[in-house]
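Shared between the two complexes below is chain A, which has chain B as its partner in the first and chain C in the second.
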Partner chain A sequence: MSEPLLVRLGRIDRRWIFLAMALSIIVPMLLKVRFPEIPQPMARATFEAIERVPEGSRVLIAFDYDPASQGELQPMANAIVHHCASRGHKMVFMTLWPFGGPLAERTIDDILLAYHPGYKYGIDYAELGFQPGNEGVVKLMSTNIPKQFPTDKRGTPLAQVPLLADLADTTGFKLVVSISAGYPGAKEWVQYANGPAPEAFTFVSGTTGVQAAQLLPYYPAQMEGMLLAVKGAAEYETIVEEKYPPPQHPERIGDGRVRMGPQLVAHVLMIVLIVLGNLSMAAGRTRGGMR
Partner chain B sequence: MNPTTPHAPKRPTYRLLWISIAVLFASVFAFRTAIAAQDPAADPASIRSSWEVLGVWVAAFLTLGIFSFLYKDNPLYKVCESLFVGTSAAYYMVNAFWTSLVPKLIAPLAPGFTKAYLLPDFIPSGEPWAALALALVPLALGVLLLCRLLPKAGWISVWTLAFIIGTTAGMRLTASIESDIMAQAAAASQPLYAVDPQTHSIDWATMLAGVVGVVGVLSVLTYFFFSVEHKGAVGATARLGIWFLMITFGASFGLTVMGRITLLSQRFEFLFKDWLGIL
Partner chain C sequence: MLQRTIPIAILSISGIVLVLAYFSPFTQSWGEQAVDWFNIIAGIAYILGGGNLLRVNLEKISAQRPGWAYAAITVAAFVAMLGFGLLKLGAVPSEKYPDVHFAGDYESNSAPYGWMYWNVISPLGATMFAMLAFYVASAAFRAFRAKNLESVLLLGTAFIVLLSATAAGAYLTGWIPADSAVGFMRAERLRTMITEVVQTAGMRAIGIGIAIGVVALSVRLILGIDRSYLSKDGGAA
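Our next item is the complex of A and B:
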């Protein structure tokens, strides 16, 4: 007696599933499928937390990720930098990840200087670069930044960089943003910088999907805003673009929304596969029981 | 079994794989060349330098090489995997040398040498002897740790490990108590009665979230309380805790799937946009 289709489905060559997953991403991507993004409370809280910081404040943006997480985190990094620049904030860039430096530089070139050409190095923005030490870097920064970073990324002593000359510790920032892919990242910023001085600065983060569950308990008490993976980035992009439309190349703060089209189709496929997989397993068990 | 017998397993030749790759890359090259000849402005590669174009082609080759594993294990995948491991290890080694060893150890030990040969921008410390003395501590600990490589003196490295474990535990203990226990307990202790500040009416959504949060924390904590047998009321609460844990794992899995799909999406974007130029 031949097996029912549902049972045979359970033994399908998994390469068909890979192909289906690839097509579920490629087809909507080529068809440029877009869906409207309705900003949810967490994306709104992130936006409002940055809005509440007085215009022209000194802010710290930590690029705590590497190219492996660029797909998820670069869209929110672009939007955050554009948002902060639109508010006239003075930005200090750093990273706890060795591969994060080039990503920060690219964001400065593609977003900050392209959208806001008036920004001058040393006055409106500066780069501290990378320092090894993981949470040790954050810990020391919370008490003595010049000791942790004697010079900026270009080798200039902090005292000679106008934006950094009077910077003593992390309380010198009104806002700290960690765009984080894991360890070290947002969790360490909460534990070692925000924990000892929760009222000193506003702290928001953007995170990968994998790390999100670990960081959710900190929101909103210890983390005023949080962007959850590419979905959070897409929602945040929508709010930022609505209030601060980019002067040129609007697609540069649209990657999150672009990736949500294939995301939705792939998720539907995943749900269908999970349902079919469970039905197939149940059918197999029932058939086995009948025998 | 004698390998010369007619029943010896045939070694796969992967001829089809190599031919497919060659045809694919030749087709893309022809396609891109045709586009560039038609309208140079329409070709994104035309505004790149030759090195950037080469980089895109190498990245596309490596991406497809890694994807080829989804069909089956093959030599191309092995090459790409080995390249990834090798370049990553080399990058981390070089990075550790220039960001840790040179500025944190060699510079305070030999500031003149460092400025002359390693870091021209290096600014020597105002207190060179203090910096030297401080650098001797990690130097000594590092040498002790390297003793692990010696068969008869490996036990000496335990001192350095003890130092690392002690300092790390000390640093993390205070941070965890402050941020993960005290602050989390305070965040969980919210009033169960909430009023909307704008409408002055009862905020049912916030109240429900507060109740769910408190019940979730207490039931999960009960599940991890193994000193009492999970029977009766304790057992029922623990089972509720398992439900909360399962929902958490499910949400975590869903978020992980979202992250992985985004990574795949970004790779396809690269192939179709930067390499093929059709997006």
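Our next item is the complex of A and C:
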């Protein structure tokens, strides 16, 4: 007697599963499937935390990730930079990850300077670049930034960069944002910079889905806003775009929502696969019992 | 004797200084100095790491052990990126100091380092990360089985989180009135409950446990009671 289809399904070649997953990503990407995002409280909290910071404040944005997490974190980085620039904030960029520097550079070119061409280096924005030391960098910045970064990324002494000249420590910022893919990242910023001076600045983060569990205990007391993965980015983009529509290249502040299409189909596929796997197991058991 | 005493002294002094610096502004500069040294040592670790990478892979190539071709690619990529980065080969001249070679921008897409970053490292990193989706899908099909109550709970949680992490959750449960008695059944509310209540409670418990463990271990290290970091036999001469 031939085996029922469901039982045979349990032994399916996994390459078919790979193919199904590939199609579930590629087809919605090609069709540019987009779904409306309803912003949830966490994305709203992040937006409002940045809104509460007085216009034109000096803010620190740490690109604590590398190209591997770019797909998940770049959309929120774009939206955060556009949001901060729309509020007229003076931005200082840095990274705790060796490969984070060029990601910050590209965001400056594609978003900051493309949308807000009035921004001038040294006056409206500056780059500190990368320094090795992980949490040691954050720790030293919390008490003495010139000791940790004697020069900016371009090699100019901090005293000669107008935006950084009077910067003593992290309390010199009104807002600190860490876009973080793991260690070192948002957790270290909370523990070593925000912890000793919780009232000095607002802290928000954007994070990958896998790191979210680690950071949730800090929200909302120590971390006033938190964007969780692409979903969080898509919701945040929706709010930012509504209040501050980009002057050109609107797709650059829409990457999160574009990526939610394939994510929806892939998640539904995962659920279907889990259900099929369980049905196959149940069918196999029933058949075994009948024998 | 010195092999044990000096590292223990360095660790104890650094530990005590950092604790004091946190609580007393008078010792803050000592703490900064200790952290600055730490960061310099972390920088040196990159040199050690690079040296080790070269040693391991060059040994593999010279012995022609299985996979030596991959080791050759690793060494070639390492040397190329190091050269392009350190020597700033092909860097775009600086606007301010066009005659100073080392003032050039080596991360620009038109410089070799930047080109390699955007056209090799970036897509390779994204590819490695994206491959997880395929393995997770296959594992979900084969291993995610509702065999007992715990696994049924885990499955239910996974379904809620998977659906609510997309617009599908809102579509499926959006018809439930948010302010009704069953409003908590909406996907986004269920997800919030899972992440901000259940998951956060668990993570806080783990976090507090780890923190207490770290404090206890730090005290043992500072006092020289725990010497396991020195060598396998606790630094015994």
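Criterion: the second predicted complex is superposed on the first by the 291 of 291 C-alpha atoms of A that agree within 3 Å, B and C clash if a C-alpha of one lies under 4 Å from a C-alpha of the other, contacts with A are read in each partner's own complex, and residues count from 1 in each chain.
Quick note on the criterion: contacts are C-beta pairs under 8 Å (C-beta built on N, C-alpha and C of every residue); 3 or more make two chains touch, one makes a residue touch a chain.
Keep in mind that what you see is a predicted model, and the values were worked out from it rather than measured.
**Student:** Pick one for A:157: touches chain B only (first), chain C only (second), both, or neither.
**Tutor:** Only chain B is touched by A:157; chain C is not.
**Student:** Identify the partner contact of A:136: answer first if only chain B is touched, second if only chain C is, both if each is, neither if none is.
**Tutor:** Both partners, chain B and chain C.
**Student:** With both complexes overlaid on chain A, does A:80 touch chain B (first), chain C (second), both or neither?
**Tutor:** Touch partners of A:80: none, neither chain B nor chain C.
**Student:** Applying the touch criterion given at the start, work out whether A:147 contacts chain B, chain C, both or neither, answering first, second, both or neither.
**Tutor:** second
**Student:** So in the superposed three-chain picture, is A:53 touching just chain B, just chain C, both, or none of them (first/second/both/neither)?
**Tutor:** It touches nothing on chain B or chain C.
**Student:** Name the contact category of A:276: first (chain B only), second (chain C only), both, or neither.
**Tutor:** Once the two structures are laid over each other on A, A:276 reaches chain C alone.
**Student:** Looking at A:41, would you say it contacts chain B, chain C, both, or neither? Reply first, second, both or neither.
**Tutor:** Touch partner of A:41: chain C, not chain B.
**Student:** Once the shared chain is lined up, is A:26 touching chain B (first), chain C (second), both, or neither of them?
**Tutor:** Once the two structures are laid over each other on A, A:26 reaches chain B alone.
**Student:** Between chain B and chain C, whom does A:212 touch in the aligned arrangement: first, second, both, or neither?
**Tutor:** After superposing on A, A:212 lies in contact with both chain B and chain C.
**Student:** Could you pull out which residues of chain A sit against chain B in one structure and against chain C in the other?
**Tutor:** Chain A residues touching both partners: 18, 21-22, 25, 68-71, 99, 131-132, 136, 139, 155, 196, 209, 212-213, 217, 229, 231, 263, 266-267, 270.
**Student:** Across the complex, what residues on chain A touch chain C?
**Tutor:** On the chain A side, the touching residues are 12, 14, 17-18, 20-22, 25, 35-38, 40-41, 66-71, 99, 101-102, 105, 131-134, 136-137, 139-140, 143-144, 147-148, 154-155, 196, 209, 212-214, 216-217, 219, 229, 231, 260, 263-264, 266-271, 273-274, 276-278, 281.
**Student:** Taking the complex as given, what residues does chain C use to touch chain A?
**Tutor:** On the chain C side, the touching residues are 22, 28, 31-32, 35-36, 38-39, 42-43, 45-46, 94, 103, 107, 114, 117-118, 121-126, 128-130, 133-134, 136-138, 140-142, 144-146, 155, 158-159, 162-163, 165-168, 170, 188, 192, 195-196, 199-200, 203-204, 207.
**Student:** Provide the residue numbers of chain A that touch chain B in the complex, in ascending order.
**Tutor:** Interface residues on chain A, with respect to chain B: 15, 18, 21-22, 25-26, 29-30, 68-72, 98-99, 130-132, 135-136, 139, 150-151, 155, 157, 190-192, 194-196, 198, 208-210, 212-213, 217-218, 221-222, 228-231, 258-259, 262-263, 266-267, 270.
**Student:** Quick one: in the complex, what on chain B touches chain A?
**Tutor:** Answer in residue numbers: 70-71, 91-92, 95-96, 99-100, 104, 121, 123, 171-172, 175-176, 178-180, 183-184, 186-187, 248, 251-252, 255-269, 272, 278-279.
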